[in-house]
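The letters A, B, C and D name the chains in turn, as written, and every chain counts its residues from 1.
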Amino acid sequence: MSEHTEHPTTATGQDAHDGEHHTNYFKIYVTLLVLLVISILGPEIGILWVTLVTAFGIAFVKAYLVIQNFMHLRPEKVIVKWMLASSLLLMGIYFFGVAPDVMKHEGRNWVNMAAMAVVERGIPLDGEHAEEDEHADDGESPGEGEEAAVVAETPFNAAQAYGTVCASCHGAAGGGDGPAGASTTPPPADFTSADFWAATNDERMFQVIKNGGASQGLSPMMAGWGVLYDDDDIRQIIEHLKTFRP
Amino acid sequence: MAQAATEIHHEAHGHDAHAHHGPQGILKYIWSTDHKMIAMQYLFTGMFMGIVGGFMAYVFRMQLAFPGVSVPLFGVVSPGEYNALVTNHGSIMIFWVAMPVLIAAFGNYLIPLMIGADDMVFPRINRLSFQIFLVSVLMILASLFVSGGGFGGAWTSYPPLSAQSQYNLTSIGATMWLIAVALEFVAFLLGGINFIVTLMNARAPGMKAYDIPVVAWMIVIASILFMLSVGPLIAGAIMLLFDQTIGTGFFDPARGGDPILWQHLFWFFGHPEVYVVLLPAVGIVIDIVATFARKKLFGYKIMIFTAVATGVLSFFVWAHHQFIAGIDPRMANIFTVTTLLISVPIAELLFVMIATLYGGNIKLNTPMLWALSFIAEFLIGGVTGIFLGASGADIYLHDTYFVLAHFHYTFFPIAIIGTFAGFTYWFPKMFGKMMDDRLGKIHFWGTIIPFNMIFIPLFVLGLGGQHRRIYNFQNFPELAAMQPFRVLATVSLIIMLLFQLVFFWNCIKSWRGGAKAGRNPWKANTLEWTTESPPPHGNWPRDAMPRVYRGPYEYSVPGREDDYWPQNLPS
Amino acid sequence: MLERLVQQASSYAADIDGLILLVLVLVGFWFLLAEGMFFWLIWKFRERPGGRSEYITGKEKHLKRWISIPHALVLVCDVFIIIASVRVWYDVKQHLPQADETIRVTGQQWAWVFTHPGPDGDLDTPDDIQTVDDLYVEVDKTYHFQLESRDVLHSFSVPVFRLKQDAVPGRRITGWFRPTVTGTFDIQCAEICGIGHGVMAGRIHVQDAGTMAQWVTANSSTAAQ
Amino acid sequence: MEKPLATLRSATGVPTGRLAVWWLLASEVVIFGGLLGAYLMFRLGHPEWANAAAVTNTWIGATNTFVLLTSSFTAVLAHQAAEKGDGVKAANYLFMTIGGALLFLIIKSFEWYYEISHGYTITANGFWSFYYTAAGIHAAHVIAGAIIMGFIAVAARKGKELQRVELVGIYWHFVDVVWIFLFPLLYIAK
């Protein structure tokens, strides 16, 4: 799906470069390797500006050499250069438009407390840690890996789940008096009332928690949580609710 | 839906199939690389999705007008379903209706014909683009029926709501929505490269840059805008996908991420996206206006340059969607300035379109009515945008129904009016038959009048402080009293939807029994009218491809007997 | 103009309404002019049997004026709007006047939690008063609010105050308002926050100094017990 | 399939295939630009990431840079051979480039295996999330490039579609350039 040789202007597609073939590719290649060595050795000195210049300055030089000589941008039509330049320019606009909000952690009338807390907490420098093998064996994440472990491996805890998803409406003590429940009509179920328990049974509660209140003709504001919790989890939650029973 | 497209096309010109050596039988339609066939696939898929999106609008408007009742054909709308409906209505109408119809369908159909080429430069990439698009269509439709329901976090999909399933309760729906959108982007990246390269390289001999019809220019400028703006959002979509599925924290503040970053990534794409769909519609309208006013354009180059200027400026304005979303207030001032500046090229573009009418001999048939109504209605959408671009006024108007009415006054003219204008104008070329003008006019008035009756009340509601995406306003004492406006909007919507039946009836009737169109029913200049209707595979005989001698809008040239002068006639 | 639809109940509500009116006048002028011109042209140059259009390229000087002069005037109008808009923005969002009292507003799925500083006037002390979905403030007193969110994005919107600000989890965004009218008004959440977004309604109670003082004593004493 | 006339035309003077590759790269620039721009903002705002970055192994990164630079060199030699019409030689150089790609991926997978087994997973913290996402998207490009080069090399050996050797070369050099920037961003800056 590209040019045919019989067409005069496109021929093999390399015509535009005729006469440019004297680039000595090997010389460029060696130059690139020398630059690579410098960019690795530069930061070893440990001075910040040397690191920046050798790491990023040299990256730009290397990219320039590859683009001009290997990709043959030099003899390419000017329109191609405009295309690439404008896409790079847009990235500059993007960076300067976004950085005041994302890179900085405070500004006029706002502070990003969460980001500051994360910076404050820091990441333990565990260079040796990586060398220690016992941690690799038990699969435990060092340092900041904790959160990941929470997401992936913690056994289900019904009380905790109640605290995260149920308590905002049903109240921390199950009284149907959570802050978010204040504005719902009808009000959230009160697990501390005997009437509630008289009117329901395990199967009905299971259905409501799994498929939502609307499935049993109750308030549609009670969402179905079957997406988040499997059947065993829901049964554990029901057991937890029974602890509120008067 | 692609099935319907192919069947209609089959009947329409089943006899010229001998011209090509591609796959035979039914495969010929599914596996075709012909740009016209792919355009039809996009067009009918887009129209089908338009019906889906329209049905969603009907359901949630019914809920707003008559809260809690069982909506006919749907049932009682729960809050979760309401959110899923508004989210998917927005996503579908923009990504699966406006983009495929205006850019992909008209772009595929018109660009090769208008520049005198026999196909797109990469026909197989073109087919791949549609196939990826089709997968994304199936994905978004399937996402509505999975456990937990469709994604309900608005089409902007702001995290943490979209990133964490304990907040949105639709872990599967949200991920499928995101994948569908990402696939759609990939499809349009492939299609876009094809459009751009085709226009740049495959023009007929003699066709210089300023001999290209405006609509082809506009589709290509739109494709370039899309390509250059969507990158950060593709990167963002991958990050959000990882947040949703494997638990990274790119947008989770507790773990060092930042939800504001997503807003920037989204709107860096989201604002140029408005112009991505606007420009093709403008191009279609300009072509139709020139043809039926029998006028040369008032300033062809001005139009191209204002379109480019709008496109360039659109990259500098994105944060006006986030004035009160937590960005630094000092940045808002910069974005106010750039946003208001964008009104200058857009105003110029509209002035030039209006000025083209001066001195014309205006024939008011169906395509022309659609084209003119685009100008009249889009003007309302344009001027109401100034209120929202002015940061001070946006404090009050942000996220109210005023915003909603504003962008429907831009997107409705773009996606619906622009599509109907283009469809009725090129219908004779696509199917070889003339459309019924009387039915067309009934459909036109039956769409335009209810359209205004839907959205003018919503302007009032917005100024009254009613916010978007709330499924039942009875919870707010100050808003409950404005119920009659909501009922008016809903009733108008139902009337408008019913009038669309006239359109489908007109299509079927004209396609089966309409008058034969001939090559050039509108006496237009551009190259697509110099071949048969519908054009055969390859568009022109391979040894008689057209040559171009002049610009596309040489109407009513003094000293010529005909009031048109096709581009390919040697003088 | 807007006050006929929604009451003005804060010190800057009138400024924002004034800006909206200014934009309406400037933009409305251009809108009516363009639409008027448009329909007049359609009527004037409607199809005549045997008629023929003029050949105009748009390069003619005497015709081009009709585009270039309005073009420049649109730019002038833009400048007016930008200046007015930035001034309002500066007063409402960028520059905070001295506060008489600071409150905290926390959004969560799907309720507003308000923290009043209590009698001592300081937040994060034991005598703070927490309320849910009901905010009690005193008329003619300048309030700073610290807006936070516990889970997803919310937006604190009081239409009668013309006040709106998104709450972003992890951030504390400070804003201000000064109620000028006593009464009870709606608080809406203006940023989709999940299935309960539609019920996330609050009420703001603007009271005179006496009632407010009573309310503070009554509630902080119960909190202290 | 017979090629359309459209594909053979070249109104700009740039061959159609090459123009399309340049546009593809322009769109890739904004994809990587968006991601690396976000990374840069977070990195500058979070000085503590330096401790996470300290764990990355500069020498493995440098070896991979060397491998990619070398494969770029063989890609350009393949282009040179294709220009002279020597399909077999071009194909051989392309196979060497594919070899470079495979070597790169093998080194990468050992590196990732080591890091993941020590608990530095993608969810460990922000730095590691960006590390795996950016390098992963880059690796996906390496894999895609290697597969495309395989097809082109097989065709080139038969002397067909030699102009495609240059097209895939341009793409490959771009993948190289992305790595040239990823290397200091992820490995050197500690």
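Methods note: a contact is a pair of C-beta atoms (placed from the backbone, for glycine too) under 8 Å apart; a residue touches a chain by one contact, two chains touch by 3 or more.
None of these values were measured; they are calculated from a predicted model.
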Chain separated most widely from subunit B, comparing mean CA positions: D
Chain pair with the higher count of C-beta pairs in contact (A-D, B-C): B-C
Computed distance of Cα centres, subunit D from subunit C, in Å: 49
Whole-Å gap between the CA centroids of subunit B and subunit C: 31
Distance between the centres, which are taken as Cα means, of subunit D and subunit A, whole angstrom: 23
Subunit B and subunit D, separation of their C-alpha mean positions in angstrom: 35
Contacts with two or more other chains, residues of subunit C listed in rising order: 93-94, 109, 169-171, 173, 195-196, 199, 201
For subunit A, residues contacting two or more additional chains: 1, 79, 86-87, 90, 94, 98, 102, 104, 108-110, 112, 114-115, 118, 147-148, 151-152, 183, 221, 223
Subunit B: positions in contact with at least two other chains: 78-80, 122-124, 169, 200, 228-229, 231-232, 247, 249, 253-256, 258, 260-261, 268, 326, 329-330, 475
Which chain pairs touch, all of them: A-B, A-C, A-D, B-C, B-D
Residue numbers on subunit B that touch subunit D, as the complex places them: 21-22, 33, 112, 117-124, 189, 193-194, 196-198, 200-203, 207, 227-236, 238-239, 242, 246-250, 255-258, 261, 265, 268, 538, 542, 545
Footprint of subunit B on subunit A - complex, ascending: 1, 79, 86-87, 90, 93-94, 97-98, 100-102, 104, 107-110, 112, 114-115, 118, 147-148, 151-152, 164-165, 183, 212, 214, 220-221, 223-228
Subunit C - residues contacting subunit A, complex: 93-94, 96, 108-111, 113, 132-133, 169-175, 195-196, 199-202
In the complex with subunit A, residue positions of subunit D that touch it: 3, 7-10, 12-19, 22-23, 25-27, 29-30, 33-34, 37-38, 40-42, 44-49, 51-52, 54-55, 58-59, 62, 65-66, 69-70, 72-73, 75-77, 80, 82-83, 117-121, 123-127, 161-164, 166-167, 169-170, 173-174, 176-177, 180-181, 183-184, 188-190
Parts of subunit D lying in touch with subunit B, wherever the complex brings them together: 1-2, 4-7, 9-12, 14, 16, 19-20, 23-24, 26-35, 37-38, 41-42, 46, 122-123, 125-126, 129, 133, 137
